[in-house]
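A short write-up of the structure that comes next.
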Amino acid sequence: MTDTPIGPVDGTKVPRYAGAATFARLPRIDEVGRFDVALIGAPFDGGVSFRPGARFGPSAIRQASRHLRPAYNPAQDVAPYAVIQAVDAGDVPCNPFDIDAALQQVDDGLAELLGSGGRPLMLGGDHTIALGGLRAVTRAHGPVALIHFDAHLDTWNSYFGADRTHGTIFRRAHEEGLLIRDASTHVGIRGPLYSAEDLVDDARFGFEIIRTDDVDRLGVEEVADRIRRRAGDNPVYLSIDIDVLDPAFAPGTGTPEMAGLTSRELLGLVRALPRDQIVAADLVEVSPPYDHAEITSLAAATLGYEICCLMARPETSTS
Amino acid sequence: MTDTPIGPVDGTKVPRYAGAATFARLPRIDEVGRFDVALIGAPFDGGVSFRPGARFGPSAIRQASRHLRPAYNPAQDVAPYAVIQAVDAGDVPCNPFDIDAALQQVDDGLAELLGSGGRPLMLGGDHTIALGGLRAVTRAHGPVALIHFDAHLDTWNSYFGADRTHGTIFRRAHEEGLLIRDASTHVGIRGPLYSAEDLVDDARFGFEIIRTDDVDRLGVEEVADRIRRRAGDNPVYLSIDIDVLDPAFAPGTGTPEMAGLTSRELLGLVRALPRDQIVAADLVEVSPPYDHAEITSLAAATLGYEICCLMARPETSTS
Amino acid sequence: MTDTPIGPVDGTKVPRYAGAATFARLPRIDEVGRFDVALIGAPFDGGVSFRPGARFGPSAIRQASRHLRPAYNPAQDVAPYAVIQAVDAGDVPCNPFDIDAALQQVDDGLAELLGSGGRPLMLGGDHTIALGGLRAVTRAHGPVALIHFDAHLDTWNSYFGADRTHGTIFRRAHEEGLLIRDASTHVGIRGPLYSAEDLVDDARFGFEIIRTDDVDRLGVEEVADRIRRRAGDNPVYLSIDIDVLDPAFAPGTGTPEMAGLTSRELLGLVRALPRDQIVAADLVEVSPPYDHAEITSLAAATLGYEICCLMARPETSTS
Amino acid sequence: MTDTPIGPVDGTKVPRYAGAATFARLPRIDEVGRFDVALIGAPFDGGVSFRPGARFGPSAIRQASRHLRPAYNPAQDVAPYAVIQAVDAGDVPCNPFDIDAALQQVDDGLAELLGSGGRPLMLGGDHTIALGGLRAVTRAHGPVALIHFDAHLDTWNSYFGADRTHGTIFRRAHEEGLLIRDASTHVGIRGPLYSAEDLVDDARFGFEIIRTDDVDRLGVEEVADRIRRRAGDNPVYLSIDIDVLDPAFAPGTGTPEMAGLTSRELLGLVRALPRDQIVAADLVEVSPPYDHAEITSLAAATLGYEICCLMARPETSTS
Amino acid sequence: MTDTPIGPVDGTKVPRYAGAATFARLPRIDEVGRFDVALIGAPFDGGVSFRPGARFGPSAIRQASRHLRPAYNPAQDVAPYAVIQAVDAGDVPCNPFDIDAALQQVDDGLAELLGSGGRPLMLGGDHTIALGGLRAVTRAHGPVALIHFDAHLDTWNSYFGADRTHGTIFRRAHEEGLLIRDASTHVGIRGPLYSAEDLVDDARFGFEIIRTDDVDRLGVEEVADRIRRRAGDNPVYLSIDIDVLDPAFAPGTGTPEMAGLTSRELLGLVRALPRDQIVAADLVEVSPPYDHAEITSLAAATLGYEICCLMARPETSTS
Amino acid sequence: MTDTPIGPVDGTKVPRYAGAATFARLPRIDEVGRFDVALIGAPFDGGVSFRPGARFGPSAIRQASRHLRPAYNPAQDVAPYAVIQAVDAGDVPCNPFDIDAALQQVDDGLAELLGSGGRPLMLGGDHTIALGGLRAVTRAHGPVALIHFDAHLDTWNSYFGADRTHGTIFRRAHEEGLLIRDASTHVGIRGPLYSAEDLVDDARFGFEIIRTDDVDRLGVEEVADRIRRRAGDNPVYLSIDIDVLDPAFAPGTGTPEMAGLTSRELLGLVRALPRDQIVAADLVEVSPPYDHAEITSLAAATLGYEICCLMARPETSTS
């Protein structure tokens, strides 16, 4: 890469609460000639089974990203926006009344970004949008290993006759051949299920489950190893449902589940993910009406930033 | 009516915050042999264009109805639950992912209540459900005069290709022949529109608009007269969108609009409505995630109670 | 009065959010030799029938009183704290588990203040404490005319076998001979009742009711006239339940009632009260857990200030 | 047990935010012939020394229990409501003004449930109600081992002359002979005390204290072992004060104490409790006015569900 | 004007909660060749004497402006964005630590807009910024008539040695010769003062005061007449402190004052202002940390929109 | 010390929510002849770069300190207020508009306390005030070892031309020679930086950084050892920015940072600090407008209490 990337607005010149409303005050996609990573919003919550509100997720995450002082991340030893050109690509105008239309809009939006050779980082919206993302990504890269942080499996079959909702998308992804068998992992799973068969089905689809209790028992490093070993050298789609965090750390979400990960555990796991393999990512299920003092949207914004850092680090670094 | 109605749980025996979670702690529909008025929830918000959350409206209104000391209403000089048998008929299990399916469920649910000869009072839910209500009601009673309290006309044509949403239902009702021409009134209208044509269309559908400014100018009594004169002797469907109130009085709603009615104006208007003509009513657009200290759901619960009182008063009373 | 009163901390020298935590940053009672008016807290909510929390009322009202710039009140044309010595007398340590013990503590606390010749202004706490106040006041001054702002009559008989609660105190006051017959007024009454007999009883006890609807019809000036005429030349006990305001203006209260007074109406009425006759007053039912942005406690603090102004104005002034 | 239990309303047929307002949408007690476990509310907060509001605990916990997908709990490997008949027994109508009357009502309510052979799970309400529960339980089962999760000992002697409050009930229980000596444990204790003697007294009453620091040092498994060893084969009364959790995990409580358990620690400990020995349980001190986004009431609802699971597991299972 | 203005993003194509984060989703200033009206943020709260937070005002008002359906405003009979080119000019990067530096930045920012011939509409920030605005405006247009909506006079002299704060700016403006004598009006004034001299000073500076009580007495139309008569044919600077509204309508502000205007009164007054004379305007003192459900920022956004409508109406229209 | 200290108001006689508004209801400084430790508020937030509000910190921490039952702290085995005379010295009247003036006021306020031989414990306010504190302390005691709990280094150089802000004070302290080289430690550091040079600078100033990740790796005891070893026998200034806690534990702060310490870790570290060496301390950056249910201010109040306990323990105790 020869050109110096255009970075965020300088927080020592323009107060962080002022100026551009883009993610981390990065340039808009139309302000740069090319990009490596594109943040894109998918304001949709038509697929939720409990508390809605995630349609306001993208704007809340962008607002919370004003908190970031993004120039240098010592934890990953990288100055991401000096290395990669990251941009804010705006929002996919998801149809609020038609799940399939919205999925197609997400698919189209990501396909356009992928066509430019960049990596999309999608800000939800509810988890339904991940199916649109996976479809676009696999057309560009072939089937992927899914690394999925969530309290819930999201491999149920259907709700009320709807096949594509925030709880069923990874069963659909499996059925559509979007996932590489035996390379995918759910992390942070907990809570009761609709049926004991849910686990049987999930295993049949080729997932491994790492429960919150397993994180207790194994520790963050061992869990990260398992995730990496399972993903192997495959292209990775990273999907983080913010409800993987305990409700204390992320109250602003639609289907909170007691006894989740702490923010330190989640950040430790994310920083240890395979890096160059990540071809796309999403951060979903931030529901601002249920947030307090921006703690949930700040967690999501920080995760978005850390994923950018992952993407900016050379694969051989070992920080 | 010969039997003494079964009234609410006695608040001097069981604290109001304890006991039955039904509306006003009235009996459930399965606890009585017959009923005059049935409260029924329609927890649906799949038709909203802005802030969702109205799916939690019915449970929040019921919880707020615990505030009521319902035995005697001096403003209407009636002890409603000693005169009519009111019941809580539970919730219509609206499909969250399919607007038309949900409308059919609402239609079926109200048809069943109407078949028993009682009058339904539906707790929303977003305004979309009113179309289901109107369909059931007109099958039972023929076309109706609509008395519609709202900040918005709800006679737009479609959003994002969806024809039945919370902003389009009364255009649909007109097209489906559910409304008596020139008998219907919108009250409390204010705020900007998508187009000046919106007013032309609305008039063409046979509505009269009483804007909030008109309430200022004419006063509550004259406005009530106009509504009554326009409704004539026709059967009336009463639809109250809680956003007819100013956001100060009803912050917990999806599309708040500055400069609305005060709670005293609204209550004054509701108490002056034609009475025996009301064949059904709805109270919609309470969105609990945006409420504070239950003030919005308390307003809705009080309105629900006052409508019961209207239905319980003999037509000749003049309080 | 010869000595210059010690006034509040100067807000142009010490920021209003700093310094003394007394009401309006007035001196503590132990800092002055004598006083005309004493603010005293009664942090008690053991008498409430619905939402508790008023035990935190006194500290919240004091905190909100920091908002006041109290030197000169143009609406009453008086610089109150230059005319009268007002003090903060701290809190009565009300027993949270024994209503009668708490009433005795309130009675003792006010008696001590009255014994010094000053006028108490009590910050509740729930309305139960008014009975303790009335007992102390009538021992000092004989029976009084009650001017009572409230959504509710508070002349019910008993709840769950308890005779002295926030809803029954004025029946008890009548029975105990604390009130002058036909001199007392309830203002702002609205909402349903436990029974139509409630009105009969209330009239029998010698009260007049001015409903919120009457305020609409008569206007603030006429209502104020009626209150004054009815009080005549008698000593007056002023009792303001903050729920006389509409929930939009006072969400932070225990038994909110839709369709109440506006803050301008209430302030207009309070400013027009008879002045030198007020021998004591209370401000009750502020429940901070249900407040937002201090609007309820600010209303109460402002009312407390305006009552001080009333007490500081010479009777012949006519502002 | 021969009949198939009636389980909760199916969340794939009726949205979880709709339908029955019972705990976990289980059947009401009057809908089934017999039951194994009965949830019962005790909406009382007349015994609190600081922030009230727990009277709204039962309705908030029931509302939060809508979040549960209760069919199968992989953590305990049990489908509880297919094994045991659980029911919602409604609320005890606790007298808000008379602690002893309320305790008698709780005692009567639980005695009735125990008389049917079922196990009560009481939803508070403040901790005072546990004394009523213990009295009923020991009449049925004899003295019990108490397993008590709490930030506070609750073995103080009296407040303001009141002997039965939320901070004194376990001293009373000891004095009344309701507890088996040297079988009971407090878990999660922390924070300052009124006096160093408090610890001496507590030991004298036969309790062992496991402080939050001990959980740090020993780990969840060892703590669970100690609790079980100490309880031995005795019948167990389980009492969980939600303030055992850190305020981050349970802000909605009356006497929060910094540095508490995490939700994972608490859930781990609860799942490791002795099972068939639990003859009754309570979940207390959820104060909804101080909660945010239902995180406290969701924690309580989840704990209620997990206790049902404990009660449904065969004693020989070892999950 | 020959070119068709570029209007807001179409809310029937892109959901209002998606897409551009500009005011009313209008184009950015760099997207159009010329403009008539420019919205510009001044995120500054370094001049407040009580509750801070107004630095987040511009982003909150922009977010709330998503609520608007701005195509046609029937109350003013104008389709503003089809008539004038309105743009969002972003934020002035106000120095948070140096009031005079921030004032200079505001002055420079507005001067640049005025230099293009457009009219600035500034979104605060605290009221201090109005002084920067007035300086820029009077350099372009000469001294102005100030139409000032506020609970407070803002003509105090200094706080803590600071001469330019949110309570002193209009005294400074007078001293600097920015205001036309006897053409300016304060509207909505209420509450106590630091001294009776405050009124004498204010009159000496050439202001007329219309108190909230005057609005009660005179009515909206007469008040509007007085404002207009006083402004005469002079160029007008319009300054709206959101605390002119009652705290019920605008809790999210720094120095709330009981008993303010209703939103209908304020909107009525604003719509009746002289139109072409308005050379610049500001909307200040929205403090989002104290807002609830966006009601304060929605009021500000609506006022911003209505001011655009004023500016778009031909002077001869009389709606 | 010969006299028995005057302790807090007795919580079994006066309810904790009643009575004195001093920290922990301790005596005011004017009520005692001498003191060992003085709590003093510094209500200032003019130095913040993001969310303001810390000016309300002192009053919120005092209000939250009502939760404490402070007689005996078993974790430190001390009855602090029986051993040392602790007092509340009120607030420094910090100038809100002039950082240097405010710093001088803090310096003067602390100098006066130090002159009496007592140890000040300052309640912020934003972190800027620590510079005033350090200046006063080093005049009395010479340069100090700084033990600094914070998410951020606070050794940046300047913002917007301001050299003394909440992010630059420890660089200034270093430059002014207030700190002993190589004796100071930052604990709890995390999050991104403005530049990689920030770390180089910080090391050059003689600080050691213990990151949150290090706490994970080393454990609380080892971290405490490092802090103590580094401080050696030097006098210690303890500075705790509440944002060292994770936002879940302390949402009410101005610059929250994901993935912080838990409250148990922080309390464990504070209890293990060197004791007699602490010559002064501050607790800063509590911003009440962003708090919920007092959890942040309660954490700060508890820390204030634990620091008093540290100061009360004899150095040889080993609890």
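In order of appearance the chains are A, B, C, D, E and F, and numbering begins at 1 in each one.
Assume a residue touches a chain if its C-beta (ideal position, glycine included) is under 8 Å from a C-beta of that chain, and two chains touch if they have at least 3 such contacts.
Given the structure is predicted, the values throughout are model-derived calculations rather than measurements.
Visitor: State the chain with the largest centre-to-centre distance from chain D, centres being mean CA positions.
Guide: Computed centres place E farthest from chain D.
Visitor: Hey, which one of E-F, A-F or C-F is the same interface as C-D, over half the contact pairs lining up?
Guide: E-F
Visitor: Where the centre means the average of the CA atoms, what chain is farthest from chain F?
Guide: Farthest by centroid: B.
Visitor: Averaged over CA atoms, how far is the centre of chain B from the centre of chain C? Could you give it in whole Å?
Guide: Here chain B and chain C have centroids separated by 37 Å.
Visitor: Could you put a whole-Å number on the gap between the CA centroids of chain A and chain E?
Guide: Measuring from centre to centre gives 40 Å for this pair.
Visitor: Scan chain B for residues touching two or more other chains and write them down.
Guide: 13, 15, 17, 49, 55-56, 96, 159-160, 246, 248, 262, 290, 292
Visitor: Name the shape of the chain contact graph, picking from line, ring, star, complete and other.
Guide: Basically it's none of the tidy shapes, so other.
Visitor: Output every touching chain pair, sorted by label.
Guide: A-B, A-D, A-E, A-F, B-C, B-D, B-E, C-D, C-E, C-F, D-F, E-F
Visitor: Would you mind writing out the residues of chain C in touch with chain E in their complex?
Guide: 11-13, 15-17, 66-75, 79, 246, 248-249, 262-264, 267-268, 292-295, 298-299, 302-303, 305
Visitor: Taking the complex as given, what residues does chain C use to touch chain B?
Guide: The touching residues are 49-50, 158-160, 190-196, 198-199, 211-213, 216, 246-249, 251-252, 255-260, 262, 290-292.
Visitor: Applying the document's contact rule, which stretches of chain C touch chain F when the two form their complex?
Guide: 13-15, 17-21, 41, 43, 55-56, 58-59, 62-63, 90-94, 96
Visitor: Provide the residue numbers of chain C that touch chain D in the complex, in ascending order.
Guide: 45-49, 51-53, 55-56, 95-99, 101, 159-162, 165, 289-290
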